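Read through the structure below, which is laid out as C-alpha cells, and then see the notes.
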Amino acid sequence: MNKRVVLLWSAAILAYAFLYAPLAIVVVYSFNDSRLNAEWVGFTLSWYQKLFHNEKMLHAAWNSLLIGITASAVSTILGTMAGYAMYRFRTRLLPVLILAPIAIPEILMGVSLLIFFVLLNISLGMVSIVLSHIAFCIGFVAIVVRSRLAGMDESLTEAARDLGATPWTAFRLVTLPLIMPGVVAGALMAFTLSIDDFVITFFTAGVGSTTLPLQIYTMVKIAVTPEVNAVSTLLMTLTLALILIASRLAPGSLRTQ
Amino acid sequence: MAAQQNRLHKWLISGPPLAYLIVFFAIPVLIMVLASFRNPGEFGGLAPLLNDESGSREIDLTTESYGRFFGDFLYTELFLKSLAYAGVTTLACLLIAYPLAMLIARSSKRHRDLLVLLVILPFWSNFLIRVYAWMIILGPQSVFVSALNHIVGWFGLAPLTLLYTPFAVIIGLVYVHLPFMVLPLYANLEKHDPALLDAAQDLGANAWRRFWRVTFPLSLPGVYAGAALVFIPALGIFAIPDILGGTEGIMIGNVIKQQFLDTRDWPFGSVLSMVLTVLAIVLAGAAAWIAKRART
Amino acid sequence: MPLLEIRNVTRRFGTFAAVDQVSLNIEAGEFFTLLGPSGCGKTTLLRMIAGFDVPDGGSIVLDGKDMVGIPPEARNVHTVFQSYALFPHMNVEQNVAFPLKMANVDPARIAQRVEETLEDVRLTGMGKRYPNELSGGQKQRVAVARALINRPKLLLLDEPLAALDAKLKESVQLELIALQKEIGITFVYVTHDQSEALALSHRIAVMNQGRVEQVDEPSKIYGFPKNRFVADFISQCNLLDGQIKACSGERMTVALSGIGDVVAINMEGDAPGLKGALALRPEKVAIGRDLPADAEANCFTGKVHDLLYLGDVTIYIVELANGMRIEALLPNSAAGRTKFFEAGDEVQIAWRHDAGHFLND
C-alpha cells in the first residue's frame, strides 16, 4: 500500500515539475548575464533595464493595457447580463453562442474575424482587436457569473420581491452584491485573457498595432534576447497576481470547463 | 401580464450579449463559409461578390477552392498529420495527467484546492511564454540538451537535435494542453465512492485489478471530456509548430495562417478552415454523444 | 367579507395537478393553517398567494381585489421563508428596515419603527449583528420582524419552525400565538406537523394531493375527521372497517369486520347499508383487567399483543378474539409504574357509544 502511494506521489510530483520547470527556467534566465539562454554566467538586471528603454515593447505594453481594460469592462457587463439571462430564463441560442468561441480552435475565430473586418472596411488596429477580444471574453465572464448565481440562495431574491422590491431593485440591492465577487473574478479573468491572447490578436491586429504577446512573438521568431525572458517574467507575475485574486473572490470558478 | 413582463425582461437582458455575439461571432463564421465559395481577389483577399465584367451583374461563386483541396492529397495528408499530432498529444496528456488527477482526488479537502490551483496557474500564463520556455530547453545551446547529449554520447550515439522536430511540437502541445486533461479527470475521480474500491478489495481484487476494473471504467466520462478538450483545440494550433516545429512539424493551422497572411488566397484558406470547423464539430458531437451514453 | 378568497384555484405542472380546484375563505385576524404531507400542494398554494406562481385556473382575491397579474412586490402580502432568507450582506437592522425602504417610508421614521419591531420579537440590541452571527431561533425572529414591520394584510409562513429543535419549537410556537394575537394580522401557516397545526391554529385546512380534505377548527378536525385520510393523518387513530346495520334515532348499529356489532352515534344521518370505517382515537379506548359494565359502551375482550412505551403514555395494541387489533392509550400516571400490562395479558377494552366517529366511504 505504501509503495503505491509513493509511486503515485512521485508521478504527480514529476508532473508538477513538468508544469513548472519550463516557466522557472524562463524566470531564471531573465537574470542571466549572457545573451544566450545557455550557461549561467552571473546575476544581472540589465535585461529588465533594457526592457524599459525598448520603445516598441513599451508601446506594445501600453496597447495591451488599454485593450485589456476596455475589453474587460465591456465583456464583464455583457457577460454578466448573459450569465444572468442563462440562469434566470430559458435560453436556447445564447448558451451555444457563449460556449462555441471557447470550444472551437481559436484560429477559426481569428480568421473569420479578419475576413469580417476587411469586408466591412473596418481598419485593422486597436478597434478591431478590442472588438475581437470582447467576443471571446464574454463567454468566460458569463460562465463564471452563472455558476456564482447557481450557488446563490434563490429565496433571497424572492424575499426581496416579497418585501416590495421591483425586479430591478431586487437585483441591484440583493443579487448583485451577492454575486459581485464572481463578477469581479470574471472581469479579472477577462483582462488576463485579453492581455495574453495571441492567436486572435495575430489575425486582427493588422500592420499598425502591436500588443505584448505579438511583440514577444516577433522577438521569439526573429531575434531572441533575454529581454524576452524579462518581459515574460513580468507578464507572468502580473497574471499570477490577478488570478490569485480572482481565485480568492470566486473559488471554483477558475475551473470553468 | 406577468408572463409578458417576464419575456420583456428576458429580451432586455439577453439581448445585448446575444446581439454582440451574433455580430462578432456568428456572422463572421457565416461570412467565412461564404468566402470558401468565392474567388480570390487580384491582390489577395476576396474577389468582389458581384461580378460586373460581362456587363450583367451576377454572383461570382465557385467551388474551385474546394476542388483544389480534395484534388491534392497534400492537404488531406496535412489534416491526417494534424490528427495524428493531436492524437499523440491527447494520449501523452492522459498518461501524465492521470496520476496527477488521482493524487489530487485522494488528497484531503484542504490540499485539494491548492493542488488544483497549482495545476491551473501555468495555464493562465501567456501561451507564448510557455512555448518559448521549451525553445530554451530544447534549443541547441541549452544546458539540458548538452547534458543529454553527453549521456547519449556515452552510448556511442550521435547527438540529438530536439528543437525544430515533431518531437518538440508534441512536447509543446502536451505542455500547453495538460491542464485541460487534468481538470475533467480530477472532477470525475473526485466523485468516486471509495467504498467501491473497498468492496472490490474485499472480494479479492489486487491493486492493479482494482484500478483497471473499477477506477478506470468509472473515470471514462472524465477521460472523454479531457480528450475532447485537448484534441479539438490541438488540431487548430499554429503557434507551437510555428515556433518549435521548423519545416518538418507543420500542422494545418500553419497552412491556414499562411493562406490568410502570406499567400493571401482567402477562399482557399476559408476552405481549409471550413474543413477544420466541420472536423471540430463532428468530434465535439461525438464526444458529447459518447459522454451521454456513458452516463446511462 | 373574508380577507382572502381562494376560488377554484388550480396549478398544473404538465399533467400533474399540484393544486386541484381548491377553494378557501380566510377571515381577517385568523391563524389559518394549511396542513398536509409533502407534495400535497400546500407550499404551491402559498406561493400563489404570495405571487411567485400564477394559477392555471381560478382566482385569488385579497380584500376584494383580484390578484391576477399583480407581481409579488405589489401585493401587501409578506412571507416568512423556510430558510429565513435573511440578506447575508445586511445586518439585522437593515434586513428589518428593507420593506420600509421599499415602501419609501420617511428615513427618519424608519429607525424608530425598526427598534419597535425588534422589541416586539424580543431582539432588542441585536440590530448591528449580521445573520451569520445569529442562532436559528434569532434568525427566525428577524425573518418574522422583517415580514411584519409594515403591517401587511397577510403574513405567509412556510414551515418556519422546521429547522428548530423540539424544545425551541415549543417556546417559539407560544410566542407566535401571542404575537399574532397582539398584532392581529392574518396568518396563513404551512406545515406538515399535525401537532403544530393543532396547537397554533384557529382553523386548519387539511390538504392531500392538491385537494382540500377538510377545513375546520382543530378540535373538530381531531374529533370529527371527515374521511380516512384526515383521521389517519391527524395523530393516532383506529380505523375499523364496517357497515351500518341498522339505525334508530340517534344511534346506529355498525357491523365491524372482524370484531362484531357495535353501537355508535349517527352524526350525519347515515342510512343502513353504508360502508365505511369507525374512527376511534386510542385515548378514548378504556383498557383494564376487569372493566365495570357500562350500558353506554361497547366492550370486548382480548389479549395484549404489543405495547409502545412513550414516556408519558403507553399505547397498547390489543388483539381481539377474531384477530383484529385495536390501539388503546393509557397515561402512565401511577407513580412508580411504567406499565400496567405486559404482552400476553388478558384484558378488556371498551369505548363509549359516542367515542367513535363513523366515516362513510
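Per-chain residue numbering starts at 1, and chain names A, B and C are given in the order in which the chains are listed.
Rule of thumb we're sticking to: contacts are C-beta pairs under 8 Å (C-beta built on N, C-alpha and C of every residue); 3 or more make two chains touch, one makes a residue touch a chain.
This one's a predicted model, so the numbers in the text were calculated from it and none came from an experiment.
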item	value
By mean Cα position, the chain sitting nearest the middle	A
Busiest interface, counted in C-beta pairs	A-B
Rounded Å distance, subunit A centre to subunit B centre (Cα mean)	18
Separation of subunit B from subunit C, taking each centre as the mean of its C-alpha atoms, in whole Å	61
Intercentroid distance (Cα basis), subunit C paired with subunit A, Å	57
Residues within subunit C bordering two or more other chains	71
In subunit A, residues with contacts to at least two other chains	167
Residues within subunit B bordering two or more other chains	none
Subunit A-facing residues of subunit B, complex	6, 9-10, 13-14, 16-18, 20-22, 24-29, 31-32, 35, 45-46, 96-97, 99-100, 102-104, 106, 113, 116-122, 124-137, 139, 141-143, 175, 178-180, 183-184, 187, 207, 225, 229, 232-233, 235-239, 242-243, 253, 256-257, 260-261, 266, 269-270, 273, 276-277, 280, 284
Sites on subunit A touched by subunit C in the complex	153, 155-156, 158-167, 169-170, 174, 177-178
Subunit B-facing residues of subunit A, complex	4, 8-9, 11-12, 15-16, 18-20, 22-23, 25-26, 29, 36-39, 78-79, 81-82, 84-86, 88-89, 91, 93-94, 97-98, 100-101, 103-109, 111-116, 118-119, 131-132, 134-135, 138, 142, 167, 192, 195-196, 198-199, 202-203, 212-213, 216-217, 220-221, 224, 228, 232, 235-236, 239-240, 243, 247, 251, 254-255, 257
Touch list for subunit C against partner subunit A, complex	50-52, 71-73, 77-79, 81-83, 85, 87-89, 98-99, 102-103, 146-147, 150
